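Next come two complexes, and both contain subunit A; in the first it sits with subunit B, in the second with subunit C.
For the complex of A and B:
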């Protein structure tokens, strides 16, 4: 799937909905980025792209679409930062557990982290897309 | 005959190994793990697995030799190394609780009764050299936050404070290894450097073992560790040398930067922001602290050892241009499972030292 196909799919699926408008705006902004600059995008990055000052339900829905739909161009992940300021990137399974069940085992101590959602920095990275055909 | 998995083996691994590594080891020996140590220990409480027990013991011994270490490298010629190897080979093992339980760790109560003095618990020989393994006990202080919600509801502290920090003094069993290389003119002193230990205490322990070695052999064979400061630039600037995950450096524009990669398998050398900053200056940056991670595999196990060379922003030169004591006297080598990954890192350090040595030293003859 190349950039044009991504936009076409988003347009046909989400056209004329509030979520769709943000989704397209976000996708267009993300697809303009140098991939090297899209390794760790935070909510702040997304707010800057869509020129909003807070995360709205529509923005959350747009991010869900861009990470899970057929037109997914983002991969979600998390960085766990403990009380010593040591950070470690979570595996996909670990991140999924934090999101779904708020459960995380400390990578060093092997003990459950209390309320891990408070200690995980969520981020998104741009997936590699196909080159556009000329 | 059923052989239940030795729980003290699991608790020894738990005491020493970061969970991420231990989880990989447990799976590699055919054991199922659950989330975290408590659930895994519970699940393995009544498991009969003789192979796993043998392999876990091997992993524990390897981790004692190579896991979470502060290492100082001493340049020692053939004669000195031969004498030290012989002295180690002839040294009698201790008769105390550390030696009798090796490689298992003593529990907290037994540690309290064992005393603090180091004891020789094992002598190791392989193709790479010969080593003396010592065990000892230190008291480590850890800080823990206590929520006031945990206090008695009538406690006055609940109204006075939102959070209370407690200090816990805990006896911890540590291991140190004096390793005489067979192929290099080097003796390593490796001491455990677990989470929560201060650098000051780590250097004190290093000094203790350096003196013990000199006493054993009756001469000052270990005098000054090799200064690893030149390796900061040497290893940072070698693009084939692992992934730089942290770099701290001074700039000619008057700032100090501490840059860390948060995503795994990405290298600071190639990171857009870092490259842009470096290229904007006509003067080289002056790194004094670097952490490098390698990604290796051996016997189906993924290995990701990490080396840290930690200097200070004062750099190598004093007022007047002179340099004094080694700027970086020790390497911190962590996340090693055993000899395979540890020796890889050690070899990389020695390789860069060789590149930086102006004169060709006399070829090392195998000792031990």
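For the complex of A and C:
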């Protein structure tokens, strides 16, 4: 799926919903980013793209749509920050365990982390899309 | 590199909230996890109908289903009502990686009507292939004692579909049960959650 197809698919699925407006605005902004910018997108990055100062339910819904739908352009990930401020990117499975069960084995010590949801920061990365045909 | 000031604990304040379910849906690494998170979002939608059941007494089967789809879409879920998918199924949810989840929604009237829904779901709309091997029968119950109706449906389901195995909800919800059977198309196990939505309203004062 290329950028045009993504926008067309999102438009047909979401255009008539409250989520749709912010979803399309976010998608258009994300698809203009250069590859370096698109690898570590925070909630703050998303707020800047849609020119908002707080995370709203509509923004969360748009992030869910852009992460899970057939036209998904985002992948969700997590960064673990330990007590020494050392950061490590979690695998998809580790991140899913933190989200669903609040369970994480420390990547260095091998011990269970106490309440890991307090130490994991979410981020998104843009998935690689096909080039448009010319 | 700059990190977010948000932590997962700021977003998942409590398990089971719609946002917590959305984030589980986003981060699912398997179709089973995806279906599990989606079922929790459906529970949230049905809870909204139950909470406002006094306003739902005149709503048709389709009207109730449209409300569920609308709430799901409000959570960022790609849900459709009445799309063409081997016929017109009631709720179709699509997600990345070929995930498809289908629900047949029926207003409780007769057990033949519920069995029609079960058979439509399992033999007409679903493929039963991996990622498409979970579905749901949603029963809108405007009569009193929905637990009794669900228990009766469980008995009827087994007697009308002898290949089906039923079991209690692993999370202990008494207004839900599950069934599994070999899907005719794929030959793989097909799981169905049977959920009753309690919409009886007859205030005595």
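Note that the second predicted complex is superposed on the first by the 134 of 134 C-alpha atoms of A that agree within 3 Å, B and C clash if a C-alpha of one lies under 4 Å from a C-alpha of the other, contacts with A are read in each partner's own complex, and residues count from 1 in each chain.
Everything that follows uses one rule, which is that a contact is a pair of C-beta atoms (placed from the backbone, for glycine too) under 8 Å apart; a residue touches a chain by one contact, two chains touch by 3 or more.
Please read these numbers as outputs of a predicted model, since none were measured by experiment.
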{"item": "Combined model on subunit A: subunit C and subunit B, fit or clash", "value": "fit"}
{"item": "Touched partner set for A:95, first subunit B, second subunit C, both or neither", "value": "second"}
{"item": "First, second, both or neither for A:34, with subunit B first and subunit C second", "value": "first"}
{"item": "Superposed arrangement, angle subtended at the Cα centre of subunit A by subunit B and subunit C, nearest 10 degrees", "value": "120"}
{"item": "Touched partner set for A:112, first subunit B, second subunit C, both or neither", "value": "first"}
{"item": "Which of subunit B and subunit C A:79 touches, first, second, both or neither", "value": "both"}
{"item": "Which superposed partner A:5 touches (first subunit B, second subunit C, both, neither)", "value": "neither"}
{"item": "Touched partner set for A:87, first subunit B, second subunit C, both or neither", "value": "both"}
{"item": "Residue contacts on subunit A - larger count, subunit B or subunit C", "value": "C"}
{"item": "Partner chain(s) touched by A:103 [first = subunit B, second = subunit C, both, neither]", "value": "first"}
{"item": "Lowest inter-chain C-alpha distance for subunit C and subunit B in the superposed arrangement, angstrom", "value": "7"}
{"item": "Shared subunit A contacts, counted only where both subunit B and subunit C touch the same residue", "value": "40, 79, 87"}
{"item": "Interfacial residue positions of subunit B with respect to subunit A in the complex", "value": "14, 18-20, 22-23, 35-38, 40, 145, 195, 260, 262-264, 266, 271-272"}
{"item": "Contact footprint of subunit C on subunit A as seen in their complex", "value": "13-14, 17-19, 40, 42-44, 55, 57, 60-65, 67-70, 72, 76, 78-79, 81, 87, 92-93, 95-96, 98-100, 115-123"}
{"item": "Residues of subunit A that touch subunit B when the two form their complex", "value": "34, 36-37, 39-40, 79, 83-84, 87-89, 103, 105-112, 125"}
{"item": "Subunit C - residues contacting subunit A, complex", "value": "1-9, 11-12, 19, 22-29, 33-34, 37, 73-78, 94-96"}
